[in-house]
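Each remark here refers to the structure printed beneath this line.
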Amino acid sequence: MTTTNISTDTGTAALLAAVDAGVRTYDLGRRLSIGMPQSPNHPPFWHALPRRHGDAVRSDGGSAANDIITMGTHVGTHIDAFSHVSQDGRLFDGSDATEAGRGGRYPELGAHTIAPMVRRGVLLDIPAALDLPEGCAPGYEITPADLAAAVDRQGTPLRPGDVALIRSGWGRLFDHEDRTRYIGLTTGVPGVSEAGATWLADKGIHAVGADTIAFECLRPGAGHSVLPAHRVLLVERGIYIIETMALEELAADGVHEFLFVLSPLAIFGATGSPVRPLAVIANG
Amino acid sequence: MTTTNISTDTGTAALLAAVDAGVRTYDLGRRLSIGMPQSPNHPPFWHALPRRHGDAVRSDGGSAANDIITMGTHVGTHIDAFSHVSQDGRLFDGSDATEAGRGGRYPELGAHTIAPMVRRGVLLDIPAALDLPEGCAPGYEITPADLAAAVDRQGTPLRPGDVALIRSGWGRLFDHEDRTRYIGLTTGVPGVSEAGATWLADKGIHAVGADTIAFECLRPGAGHSVLPAHRVLLVERGIYIIETMALEELAADGVHEFLFVLSPLAIFGATGSPVRPLAVIANG
Amino acid sequence: MTTTNISTDTGTAALLAAVDAGVRTYDLGRRLSIGMPQSPNHPPFWHALPRRHGDAVRSDGGSAANDIITMGTHVGTHIDAFSHVSQDGRLFDGSDATEAGRGGRYPELGAHTIAPMVRRGVLLDIPAALDLPEGCAPGYEITPADLAAAVDRQGTPLRPGDVALIRSGWGRLFDHEDRTRYIGLTTGVPGVSEAGATWLADKGIHAVGADTIAFECLRPGAGHSVLPAHRVLLVERGIYIIETMALEELAADGVHEFLFVLSPLAIFGATGSPVRPLAVIANG
Amino acid sequence: MTTTNISTDTGTAALLAAVDAGVRTYDLGRRLSIGMPQSPNHPPFWHALPRRHGDAVRSDGGSAANDIITMGTHVGTHIDAFSHVSQDGRLFDGSDATEAGRGGRYPELGAHTIAPMVRRGVLLDIPAALDLPEGCAPGYEITPADLAAAVDRQGTPLRPGDVALIRSGWGRLFDHEDRTRYIGLTTGVPGVSEAGATWLADKGIHAVGADTIAFECLRPGAGHSVLPAHRVLLVERGIYIIETMALEELAADGVHEFLFVLSPLAIFGATGSPVRPLAVIANG
């Protein structure tokens, strides 16, 4: 039998040594709480405690409390599986989208097929690149030039296999007391559209993320009537999309490059999964 | 403004270099699917597609499918928050357990307070240490001597801050067609009990995991009447418990030491969270 | 063994004869659909089809489709159990309200304890009595004088054991495209308050209903900060409250007296139940 | 404006007079509680209290508790809509069953299209007719001859528009501590099959009910592989099916004829609805 121990300073040992030297982990997920902003197209997040402490005590003086949750998979911070979007009746693998879901799940491209990610991550801080301390304007389309400007300013070129996180600054509205602000139906929401998505895809990246619900540039009042970036990324190029991310802390600390870790729930046949992505950097 | 780039071979660069050199990621989570074995004490996992492809097509030829899920947080692979268990009316922080949950959530010790883990992980392969190719017997109590034997055989001492995963071999029953087998109500389930939990806690570890639903040694027919390991770990010592893990692949490959990554959903005030933990090793 | 047959024209035979002579049944319930207006205090109604026809066909050419629903019990047309509201820590039966719910349900006063109703019902059409073709104004308090005026105009005195349905006219907003209109948070909602509730209770009625979500007179912007009619009816007098009723059709037809039938789901320990109440009259 | 008052002793007045003379209402619904027996094909019933009394108190000393429920619509006592079953790709109205559900609901034949029932009801007490004090045997097929024998013994002929409730005696197992007994997968379950369903349909009845989950005669171990009575009733003849009814009390009292009242929740597009049906008789 083979055993893999930390006897040398290579391989797993080097990985553990790097961690042992001290890392800082940034939490890129939003808290799941009742009433948080989410798209009305998806079942709302709800939580309750069926049992609480004080309800019943076992013979040994112990008690256990538990939960029930009900939610869509595109609420809170989440990742879209390739089964989420079709174009002209086809999914990314060319399969018939209607047939693919027969049975009430997507066995081929469901959330359970998203491999966990342990990859280089890059934050593209668009407001910093464009000198917009308040963040991108509602409905602003982040262009390929904007993305390139962020790469250049930061000195963080995108490489094949990377995860690129696009900060628009919109995330500052997530905790606004008026939860419709973050959803932005009437105002529009900033984001990349077809051109930006194509530019990103051409870099060979593995996944993209954003600090908005829909990733896309949404025009005022237009809602989700068309989603060109989803088409380019999920259907044409096979690139995952992560939404409703918390990117403000990374930006505030000027962290533009990191180890990105994401481990979606393996929900069999689903079109997405709630996630809590991480950015890991060496500490000091 | 500070920027953190990969300009040198130290810090984050070393971390990324270790990953770039090639890693293998083991998925330690079970697939979430309708009908999978889970404790009857918790709301069952269920999933459906409110919208499927073929239901409606947008003006641009696109369509989106989505999901609804309902579940407890102690189903599938999951982590227990410190709010999950009380002893003699107290939680880990000494607070009154009944008061702590007033309002229908646990703001102080809920799942949202579990920091994501990027730590050294150690698999303690008990069947390998005890030469039990079929795994531990139903209802078998894994003793401190068993745990120590695994450590010695593997040459993987536990260190403060580690995550220790205890393999009993019971995980082979997760996919059994008779879903009551894995639950093991009548047969009992192998696991550590008070003595083993204390031994583990004395090593200063951060979290423990197991390949069973309840982590504990369950006697035949006894169900969850008493849960001494939960008391020791969650209430007395402040050590998280991860349950229903998939540990067979790690064991088959003889991987006993690894980078352990776990990122629970930040469900505000909940007593636990479904998770998909990872074990990362250098590849080759 | 006793058998109860329709051999004579008395008793059950008379009841069936009255029905055989022709009845008209008014549906006083609202349709349950995703996105309908409901209070944000309660889990939203959601529905999906886990299985659809076309998913799988049995050997005999048959298939079955099914549903999942998730919802609060105070959404759509519903009835409040006595467990719903407490005052100064006490429920209607004088029990300690906190103790009554220990275990996560209300065994003594839960929805399962609401006896099905087969009773005389009276519609009190307030807009008709006050000559307000558009219905009561937002935030208007329906007074005892208003209630008495409706009784007098209609010639339908309330009797002990009756069910009194209070029409404010607000129900016309239920299907408004702006779902916030019916909820009426900013505008207020018409309804009875403490005085009207006391007047109704003094008649000895068994239950009351209204065409609004909260039954109460809600002041603009005040929300559900205080609910005096609930206190009077549910806690002090033991009178059930039915909310979000559809009363427009009864009013349009001038039907003010009827056989009222309501059969709540016997949800063990719940604080209410969705219902579809009926008003039955002789046809012609 | 027309008003309908109780000024004469005909019409609605007669109906109310019959009720005023005293009625007894039998509850034909089962209590909805966590863990009750139900088919594993449908989402299980679950209930929790998001808010309890004691969580928060309003300024006036009041508090409100509330619920979340999640469930299938074919659990507990329920009625099947015509959208529930298809045969050879068609629903009762001849429509294409797959097309009918496009969009995730059945607008034409969903539960919202089931008119509330206020009709003559007849209990066919098969164990009484066959002199089987313990009830029909597991897997027993209730034949047309058995149904006719019950009609004859009771003197209660079926008439067009009636609701016929078939008691097999199996309902005594609903509260059995072994919840698999009532489901009866291994033992089989008594019920009518194609012949009995055809016999019932030929009487012109409006709906049928039974004291079992599936209405059908289920052979030991066969599960729901074929459902011929569903085909006859729901697809070919347009007769609703009510399942998991509580019929023991009616039988014990020898009540074979009654006013039957059923008011399904108007769940838009669903394949069924939980219900609490009533049998009303004159009292004494």
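Think of it as A, B, C and D in the order they're written, each chain with its own count starting at 1.
Note that a residue touches a chain if its C-beta (ideal position, glycine included) is under 8 Å from a C-beta of that chain, and two chains touch if they have at least 3 such contacts.
This one's a predicted model, so the numbers in the text were calculated from it and none came from an experiment.
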item: Contacts common to subunit C and subunit D (chain labels); value: A, B
item: Superposing rotation of subunit A relative to subunit D, computed on C-alpha atoms, to nearest 5°; value: 180
item: Pair joined by more contacting C-beta pairs (B-D or B-C); value: B-D
item: Computed distance of Cα centres, subunit C from subunit B, in Å; value: 46
item: For subunit D, residues contacting two or more additional chains; value: 34, 43, 46-50, 52, 54, 68, 70, 104
item: Subunit C residues touching subunit A - in the complex, by the definition given at the top; value: 35, 40, 43-44, 46, 48-52, 54-56, 70, 102-104
item: Footprint of subunit A on subunit B - complex, ascending; value: 1-7, 10-16, 18-21, 23, 25, 27, 29-34, 41-43, 47-50, 52-54, 57-74, 76, 83-89, 91, 97-98, 100-101, 104-106, 112, 115-116, 118-120, 128, 154-156, 224-228, 230-231, 235, 253-259, 261-272, 274-278, 280-282, 284
item: In the complex, subunit B residues that touch subunit C; value: 34, 46-50, 68, 70
